[in-house]
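Handing you this structure, nothing more for now.
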């Protein structure tokens, strides 16, 4: 192997870290305004919410923790903005104990921005241990029986929002924002039994597997990773952190593709030379 | 009284007038109206069906359902519906004749159409169905009654039950076969040779072996397979007088691993060499666990890293750090999303079911071997169903597809 | 700006940079961050479980609402700890059996319904609408649906053959399993690409915050702390190298 090829192959990984950092930081500081195209699976979620009449109930399952915040929090913001714009009633909860605070923050921030009233237009149930037992409880016994108190400790029995939304059978659309495997719980114990429509959002790590769920009709659409969040922000005409991150995403992807192609060329050339 | 006669004559003429309208619309009274307990549910719902007739089979023909607690009334309007088809295969199956019926499910008793606070049905309820023209009722069905009750058995899931029974028998058959003949053929998994090589290398270098069981609990199949392989690895480590470290994310997994490793050292005749502190709990949090294991790798510099079990997003954090310290890395996981990362960073990877096969191959336990053979048999069956089912679907025969319908 | 918010921002930036310093090499800052993360994660979970779960779901209903049926699951949960006492460890096995049995009863039908039947339902589709032709649909338009169906069938069959352990991979089986492994690798490539996107998104998210916290509003937290960290590393390297040089001279 010649010296130059050897130098490139044995390149200190810290140089690659610096290149990646620059590829992320520079586009964030100097945006390139690359256009975001909309994919059918994101469009499907948007169209479903758009088709719901005002007053319909939407359930938002915020099943992620701070580690997945950069990808799923912008999704939650965009979905809530859309739902509130359509005057839909939104109920939220989470299966992740470390995500309870994030859910509270996104609900209160976006509701304040949209002028929505707690208990009447939206409700945040918070976290409770139970997993599938909670889903079954909300479907059979009722949401207020399963969560007698909300995240803030208020009694849910008297809340105006739950007067017409007693159980999961009364919700029009459930959106599961997942950083893990919770989509199965919502499908098996929720959608399969109570027949509501379901959509989702997930981190890039599990997004590839969700196309299969789309095919077998678990979900009618989903937002995959930061890109999905950016597409949704474009659809609702309210650009946020996801859209801003797309430039950096594109530049880093180009850098990674270049490095992969280069290293493969070197690999085949040096193998041939041997 | 005169006013009564006038009213009576008015009503008669109205009826006649209505009958004329009815005749002009050529709509007919609902046919074969029946009510029954909704099948395959936990109770609380009554189903109503009526035959679709050509005269009424227009999209805009509305029906009105009335209910009462006695056969003579008083009648209360429950709901208005546009002509519905029977689209509930979970209740009525997939027969083509279901399309000849309309269907409605009633779960509560309303005092009027606009009643916002309906009560659940608690007693036998009487129903009748009316065809309307949007404002006037044109014809009634006969009165029927039904009472809801919960069903013990959900017949719509019978195909799942049959599959579970067949699959269970197949597994039990092969387990009993494996008990009689422990040497049932399992093809060699290439990654297993690498494990021996890794242990040998670690012994030569005088460095420990790092063994991770994944991030799931003992309920996970991959964790069970990982602990099974840990027993074999620990035995080899005891024989070679090397050292093994097992940081755990789950306290129950830690307890199980401690017992497994202790047993392995006992079997190798080296109970004195066993050190319980080498198998320890770190934290329940995913990334805190990854950070701690990374720190461990950088400080203790193990010669071999074995990642067996189920992993999540921290897999690359672990494997990349292991690659950076120059350790030989062997991974085995059924986590589809993390396999690509293990394949690129590890020297050998056991993909998906290869992890279970490796565990069965090494242990030769009848339970594991029999289960593996049973799964292979089922896989063969599924391949056959796939090919036959696709050919049948192509020819327009949907029998096989319907067999696997889920509700 | 509230002082607590400012303190939180500086702490967040500091800890982020400490963890990222691992990319340079293992150091005391990374170890500090690692142990703080460990401690906080355990502490937070313990507090949440005690107050949200134990007190709200067990203690209050039992003591205040007198829901005595909860004694049964409480005792079952406590019985799990008997595994630490050899004489009565058998009690925990009974409870484990209950947990495993309940979990299996709930999990097996759902896995078969969703994981096998639903997948088969989606895959058992016609390979070609014979009357329309392989590449055309009923409207006469060009379509790749039939090719996709064929690829899916070939892919699933060959991958299942690859994971067949009862037969040696020789001859036809070897060829089919080779096709299967190519399908597997293509799937892994797609998954890898998506995951790289996911990981980059996380980095973008942190960088967003670091850039925001480098503004004058937060007293240039990111810039100040980054410069301080770099200086510490430089001084540390210089001092260590000097120390080593002095030692070798001695």
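Going in written order, the chains are labelled A, B and C, and every chain counts its residues from 1.
The definition used in the following text is that a residue touches a chain if its C-beta (ideal position, glycine included) is under 8 Å from a C-beta of that chain, and two chains touch if they have at least 3 such contacts.
In this text, all values refer to a predicted model and were calculated from it rather than measured experimentally.
Between subunit A and subunit C, the least number of touch steps comes to 1. When the interfaces B-C and A-B are ranked by C-beta pairs in contact, the top one is B-C. Work out the mean CA point of subunit A and of subunit C, and you get 15 Å between them.
The distance from the centre of subunit B to the centre of subunit C, with each centre set as the mean of the Cα atoms, comes to 20 Å. Subunit A and subunit B, compared by their mean Cα positions, are separated by 22 Å.
In subunit A, the residues that reach two or more other chains under the touch definition are 67, 98, 192, 203, 205, 208-209. Within subunit C, residues 41, 45, 113-114, 118, 121, 187, 191, 195, 198-199 each touch two or more of the remaining chains.
Each of the following residues of subunit B touches two or more other chains: 285, 287, 313, 336-337, 406. Per the touch definition, subunit A reaches subunit B in the complex via residues 13, 67, 98, 140, 164, 180, 192, 203, 205-206, 208-209.
Subunit B makes touch with subunit A in their complex at residues 42, 116, 285-287, 312-313, 324, 336-337, 406-407. Here subunit B touches subunit C in the complex through residues 157, 159-160, 163-164, 185-187, 219, 255, 282-285, 287-288, 291-292, 294-295, 298-299, 313, 316, 336-337, 339-341, 343-344, 351-354, 357, 372-373, 376, 379-380, 382-383, 385-387, 389-391, 393-394, 396, 400-401, 404-406, going by the rule given at the top. Across the complex, subunit C meets subunit A through its residues 23-24, 41, 44-45, 48-49, 52-53, 56-57, 106, 110, 113-114, 118-119, 121-122, 187, 190-191, 193-208, 211.
If you check the complex, the residues on subunit C that touch subunit B are 19, 22, 26, 30-31, 33-34, 37-38, 41-42, 45, 83, 99-100, 103, 108-109, 112-114, 116-118, 120-121, 123-128, 130, 149, 153, 156-157, 160-161, 163-169, 184, 187-189, 191-192, 195, 198-199.
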